[in-house]
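First the structure, in the form of structure tokens, and then the observations on it.
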Amino acid sequence: MPTLYQQFMQSMMPILPEAIVIIVALTVLVFDFFIEKERKSLLGWYSLAGIVIAAYASYTLMPMGGTFFGGTFHLDPFATFFNFVFYIACGLGILVSINYLEVEDIHRGEYYALMLFATSGMMFMASAGDLILLYLGLELMALSIYILAGFMRGSNRSNEAAIKYLILGAFSSGIMLYGMSLLYGLAGTTNLSGILAFLRVADLSNPIIFLAMIMLTVSFGFKVAAAPFHMWVPDVYEGAPTSVTAFMSAGPKVAGFAVLLRVFLYTFEPLREHSTAILAGLAVLTMAVGNVMALSQTNIKRMLAYSSIAHAGYALVGLAAGGPDGAASVMLYVLIYAFMNMGAFGVVIMLRKAGERGEEISDFAGLGKTNKTAAFLMLIFMFSLTGIPPLAGFIGKFYIFKSAVEAGLVWLAVAGVLFSAISAYFYLRVIMVMYMHEPKESIELSSAPSLALALAISVTAVIVIGIYPTDLLNYARASIAGIM
Amino acid sequence: MVNQVIFFYFAVVILASAILTITQKNPIHSVMFMLLLFFHIAGVFVLLNAEFLAAVQLIVYAGAILILYLFVVMLLNVDRESTAARANRFWPWMAGFGALIAAEVILLIARGTFPSEAGQQPMRLAGSGVKELGELLYQKYLVPFEVASIILLVGLVGAVMLAKKRASD
Amino acid sequence: MIPLSWYIILSAALFTIGIVGVLSRRNIFIILMSMELMLNAANINLVAFSHYSQTLTGQIFVMFVITVAAAEAAVALAIIILLSRNRGSIYVDEFNIMKG
Amino acid sequence: MLTYALIPLLPFIAFLIAGLLGKFLKEKAAYVSIAGVVGAFVLSVMAFFDVLDGAKLNENFYSWISVGTFSVNVGFQIDQLTVVMLLVVTTLSSLIHIYSVGYMHGDKGYPRFFSYLSLFTFFMLVLVMANNFLVMFVGWEGVGLCSYLLIGFWYEKKSAADAGVKAFVVNRVGDFGFVLGVLLIFLTCGTLDFSEVFATMGTSVTDVTYHLFGGDISVVTLISLLLFLGATGKSAQLPLYVWLPDAMEGPTPVSALIHAATMVTAGVFMVARCAPIFSLSETAMNTVAIVGGLTAVFAATIGLVQNDIKRVIAYSTISQLGYMFLALGVGAFSAGIFHLMTHAFFKGLLFLASGSVIHALSGEQDMRKMGALKPKIKTTWAVFFIGALALSGIPPFAGFFSKDEILWNVYNAQGVGLFLWFLGILGAFMTAFYSFRLIYLTFYGKSHLDPKVEHHVHESPKIMTIPLMILAFFAITIGFIGMPIVKGGNLFAEFLAPIFPHVESVAESGSHTPEILLMILSVLVAAAGWRLANGWYKNATAWPDKFADKFKGIYNLLLNKYKVDEIYNYIFVDGLVHKLAKVLYTIGDVKIVDGAVNGIAQLIGGASQSGKKMQSGYVQQYAFTMGLGLVVLVGLYYIMIN
Amino acid sequence: MLELKLNQLDFPLLSLFIFLPVLGAFLLLFIKNAMAARWVALVVSIIELGLCVPLLLNFDSSMAHMQFGESIPWIAAWNINYRLGVDGISILFVVLAALLTVISIMVSWTAIQDRVREFMIAMLFLEAAMIGVFVSLDLFLFYIFWEAMLIPMYLLIGIWGGPNRLYAAIKFFLYTLVGSVLMLIAIIAVYFAAGHTFDVLALMNYKFSHTFQMWAFAAFFVAFAVKVPMFPVHTWLPDAHVEAPTAGSIILAGILIKMGAYGFLRFSLPFFPDAALAWTPAIMVLSVIAIIYGAYMAFAQTDFKKLIAYSSVSHMGFVTLGIFALNLQGLEGGILQMLNHGVSTGALFLAVGIIYERTHTRQIADYGGIAARVPVYATFLMIVTFSSIGLPGTNGFIGEFTILLGAFLHYKPYAVIASLGIILGAGYMLWLYQRVAFGKITNAHNEHLADMNAREVVAALPLVILVFFIGLYPNAAFGVIHASVENLVQHVNAKMASAPAVTQMLSTVIGN
């Protein structure tokens, strides 16, 4: 007879990784009081250790699968896959932050705690089997990010980013909530499987189903930065502290895709026909807006913001394609995207020195001469983002377009590749500025072991996945078993 | 019938105070209308046999959130309110746009059906439902509950961190 | 008996008023309050559906929504304080350093 | 046969040595070249005797191009026609090599000059020895290349360089025809070997007709005409003659060797070689004859009034080539080749002699600035005179025999024969006139020399005059191997007879009486031309000016070479082509093609810019856009379900 | 049918071809000294060239099969294999790529002073990618190399290029990228249509439906046509050539633009024979336009390199003309002409590079009369000029003649018009040569021009030898190509759906 404690532990096992993350976050808040200003980076490393432990916990939990807490919580390979992506985003986010916070003089413990809270929110989103948990996870993530975006309290840009994000985020949650309420009204349950069961038997000519679906689309689209719900992205990315931007571009967006995949490919499976049309339309619009708008940006953060919109568009192509391969392609894509985007932002952060913003693309001038390593890394990330083989970005795109063609959406794939060809222009511009312009003055880069580690991890991943994607690919394909 | 009249009353007051909330020049007035609105929504909840929720609505919304709003409004003591335009210059368009949304939503809802609507009468739960709520909350919705607590913590941390004056500022 | 659709129409109207408020008012306070209107519209829906489908999930949901609203309001107000401190304004259309 | 492969190879080896080691050999390079050419000459003589003994040599060395059914070997053949050409080429080439030692003495490009000459000899020999069309084409193009190199030998002179390009490009127009002809031959016969192709001719495969430009044309005619287009380019016939006068920009030995004696006759050789093809097509034959006849007169008219000593000879060359084609066109192939041979000697002589004059006058070429040179450069005068006599067709000099045989054959030809004969006679008159005009202006009358030049005038060194004398000897005697009328006297025609079995010699048939009459007539005409030149130019009279004044229009037209060069320059040199190309470039590539590409880029860039404006920074606008997205999606759905 | 002959050497020779330069590039990462970097790159590229010896010696030219094959599963989930092999069509390009890389590195010895190490790394990566393109037998792998090549080339043009390099580099990149992404979609479509395989040999044997062929052919065509480049998508080439450093131009002209034509041969024809036949008239017209138009545009150029670039457009027009004549002569001529063009245009750009290094101007007007000062150089330039013109005895003639022959057998009017290009070719090239080498020295800078030094002579010599060797003994090349092309023709015939087409394809000598 197990003791009550054992019973409790037993029942809590499925949320062990989330619990670890949250506990680490809480302890960070506590330790923050005792650690003097100069040594706050310890908190960063501590948080990172927490992430690693959580990742290990997730790994050990992999054999254990199923639905827990009355169907509200899934511990399935799908969620685990995304959890790993979140660990990567959060881990790399922490690594690029440590030095940056020092430079910006905003090194405070809450930062790491909020990042961890946000991460746990994402994890709940990915695991959610119930609209309520989904909503709460999303809000936990969003709220943390609102605060992180405004973390540079003295900066007008940071404040503005926070308020913009908050207003629009709340607005979109309002819409989502309304949609969820309609769904609940229709199905009589908030459980995703319950809703699926309802939809399987429901009369699909009932327009309320679609109203609800569209409202959810709007909100999730907002999270993943799909056009026309993307407009917050450039402003917020620009205003937020760069390390937060890096984290935002990888974490919440991926979480949004996790939710989109689970909801659209699992719960809304019976609505496939309609959802495909909507998603395909959004995909084209998103790719168009992201790629075209990025062309005329002069600020690297804004440029990367539009680029992240564009990448959301590619991922939406995979989503629209649907099917196991479509889902797997999106998963692989967001993973790869997390690496290369984190890497790119890492280089941007390197340029940030006190007194210099280092955010204009022209600030990169001559980097190929003054700092060969940084420039070369940026070159790799840019080519990878463009989708040039043999880098990981190509594998991601290839899988996406392959799924689209397989699903018969050849036109969508064609649009995708054409837009990605356009994208070459603005990515190449960065390379051009780095290698083909003369340096304005000698730039001294800020560098730190943490940043170097982050970049090393990213660049290795980008190259290795590009050359040998097999295992990861198989893992992604295996991970969708839970929702397909 | 009585219920319907009562509902009608609530609905009218809710909508009126909502409109007044968003049209008031002075935010303090808005808060006041908001308060009125929350009370009536609580009334609607009661009509729907959600007494506990009505109480929560009053305590949390009216008692906590609105008071917070009021504090901040007063703290900031915005003096430009009398001179500045209250709405942006597109507001008629926005109002029209709102009407469009309403039309679409209502049109779709009107054309659709809710399964629970058909034939079933609302059934009273035994007791006030608080116990059932509690059981649900601490068993099935335990994880969301915990997450909600974290959300509150984050809100707390965030509010303190952001708004607190520091020596460095 | 009150038909379900009455509640839904009420909530839809409230929801719309909230949206209009968000879109047209300049004062951030009012915008935030408009969002509370949207949330409340959803809440009415949830409770009504909860009532008609005889499940308590809707009510649970509403409780969480209220919780989140509280946390969000706290953060939002903190940011407003920051803004007013740094920029001296709480008018949303004056915050557009970043654009393009 | 392998021995005879050395005939072209020796000059080639000489070329390599002189070319690569020129820097070290300096003036000694000449001996290397001469050794190569003389060796080739000796071998040619041996080959001649072999052929005379009835040997017919034809050997493939290796498979050159082999693709699918297309297969071509590198191979040589030596038959009567080849051997005649071999002798002509190697003799002339040897003499001119030797002559050049003196003529080019002191030139800074001395080794280069000799290496080019050797290279030319090599290609010329390849051309004549080829046993298939493609190897012939190698020689064909190779001599063009050397012509280009040698015309532009003094490349620092812009006119020389221009002339080289002009020669090559105009030749390429002809080659265009040649290549197409070769392709068509392959398509028709499935091979390019001369023997096999000629064997196929006249069989059923050549009965094909093509529908072209609204008419049916037999494949044989088409092939012949295409090949003839090539010949007109190489042999400077209408309308592709324009390059040859300009080619006189090259050193005089080059003019003698390439642009008089050998290369320009390649077209004649080729047509003769292809006699089995040409003789199957009346249309083609007539075309050849008419083009030849017209060219003969046309070029002669220009030659009448030119003042540049080399240009006169150049136009004379064009005219004489016209005679050769005239002969070929009426089926008198051996007569054409005969004239080719005699012409090679006396025209080579004339050029070299004029070179000697120019050499004596330190480079002066304008006849109006000469005069009374006879006493000063006696040897040159003598050989020049012999050359003029031969050219004019005064018996018993070489030109008389060959030209007479041509005219006789033309006269006997069917159809347009009489008209062509008339052209020939007219040309003969003019030939005599301009030849002696040249002599008189240069060697007689008053001296118009530049005083500075005058006391430098000297006879050329022995190394130049000896080749002149040898050539003069040939100019006098060579004609006798083609003695007309006398039964069995035409050794030349008999020798070549196996090559042209298709053609019955008109000379053999019929009576000799008309032939003698015609002969007398043509001699009289030539004498008349001589007499007129004598009257007008020997002691500078006012006649030429008066005459020129009276027919000012015609005179100027002739003096300006029918303005053809002007038109050519306007189109090709001064830039109609270039200007048009520039216009097309700016419109076609820059505006339209690149414009479209850049236009798309600008369009996208413009979209980006207007998108920037929409991203206004106002958060409510963002929210509105989201709402709009919602409304549009719902609206689209609503439309979809209805 | 075609099969893959595995490892006849018991040694992964082709992999070594690909990875040796990559290894060299990694080695260079640790070398700081510029001179050392040059030597390392040179030695690596020479070893690579040396690898051609066993390759050629062990190549069995009597059979059409893919040889030196290697096949390793790579991405099993997508049925992608790392699969290499060469046949007669590709082997010569491997050799050419290896040779031109050596020459490019030599010619950059002193011309590149800035960031030497990076330059050499880019060169070696480029070499690996180029060779990869020619030896890949998996469409996916092929595409990887095809695209990967853009990176170093973009950098070569953009970093070490001329004044307007940025525009040129980005134009090059975007043009080719837009072309190839469509091919990517077609590759994916082919994959699904043929039952989930990227295996080139398997795809060759698969019969696609007619409609599918038409679309897929079009998509492949765009990619290859841009690369070739065919009219009217050729405008990137002049810009790229003009701005690229000498080494870049050599590689660009010598190898890169061959890949388009190679693509036609390797993929378009065997995969989509019906479509190829249906598209042939259009392609023939475009080829002829390219020949004439490219040549004519060359007349308008005042820039040395731009002129040569347009001549490339014209020459590549011949190549496509030959390939789409769809008979032995045309195909083999086309392949040989690709090789020839690589040699002669490579040599031309080498010539430009040599003189540019001394004068720093590419304007033709700035030259004139240099023959007197630099006789060796002038001779070299003349030889390559005549090779480019197609003088018999040089390589250019063989290619052009064979192509014209092939085209003439079935498409007489096109062949006739294309022959006009030969006239134009002589015109602009000789005009160019005249303006550069002949006349009096007009530019005082050229008075003391130094002639080619030993290094440059060594770099130029192999090309000159090839010019004459191929010109005099083209069967050496044809012999290698022959079996594969014959197989290709038979294969295409066998796959062709319609009967009349078969007779069309089986080229017999007697036309009509």
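Residue numbering begins at 1 within each chain, and the chains themselves are lettered A, B, C, D and E in the order written.
Just so it is clear, contacts are C-beta pairs under 8 Å (C-beta built on N, C-alpha and C of every residue); 3 or more make two chains touch, one makes a residue touch a chain.
Note that the structure is predicted; figures quoted are calculated from it, not measured.
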| item | value |
| --- | --- |
| Touching subunit D and also subunit E, the following chains | A |
| Interface ranked first by C-beta contact pairs | B-C |
| Centroid-based (C-alpha) most distant chain relative to subunit A | D |
| Label of the chain whose CA centroid is most distant from the centroid of subunit E | B |
| Identity of the most central chain, Cα criterion | E |
| Distance between chain centroids, defined by C-alpha means - subunit B, subunit C (Å) | 6 |
| Distance from the mean Cα position of subunit E to that of subunit A, given in whole angstrom | 43 |
| Inter-chain centre distance, subunit B versus subunit D - centres from mean C-alpha coordinates, in Å | 102 |
| Centroid distance [mean C-alpha coordinates] between subunit C and subunit A, Å | 26 |
| Residues of subunit A engaged with two or more neighbouring chains | 132, 136, 139, 143, 146-147, 150, 153-154, 162-164, 167, 171, 175, 185, 188, 207, 210-211, 234-235, 296 |
| Per-residue multi-chain contacts in subunit C, two or more chains | 8, 15, 18-19, 22-24, 32, 43, 48-50, 52-53, 57, 60, 64, 68, 71-72, 75, 79-80, 82, 92-93, 95-100 |
| Touching two or more other chains - residue numbers and ranges from subunit E | none |
| All pairs of touching chains, each written as two labels joined by a dash | A-B, A-C, A-D, A-E, B-C, B-D, C-D, D-E |
| Footprint of subunit A on subunit D - complex, ascending | 604-605, 607-609, 611-612, 615, 617, 619, 621-623, 625-626, 628-630, 633-634, 637-638, 640-641 |
| Complex contact set, residues of subunit C against subunit B | 1-10, 12-21, 23-27, 29-30, 32-34, 36-37, 40, 43-44, 47-54, 56-57, 59-60, 62-64, 66-75, 77-82, 84, 89-91, 93 |
| Subunit A partner contacts - residues on subunit E that touch it in the complex | 74-78, 115, 118, 140, 143-145, 147-148, 150-151, 154-155, 158-159, 165-166, 169-170, 173-174, 177-178, 181-182, 184-185, 188-189, 191-192 |
| Residue ranges of subunit B in contact with subunit D within the complex | 88, 90, 94, 97, 100-101, 104-105, 107-108 |
| Residue ranges of subunit D in contact with subunit C within the complex | 612-613, 615-620, 623-624, 627 |
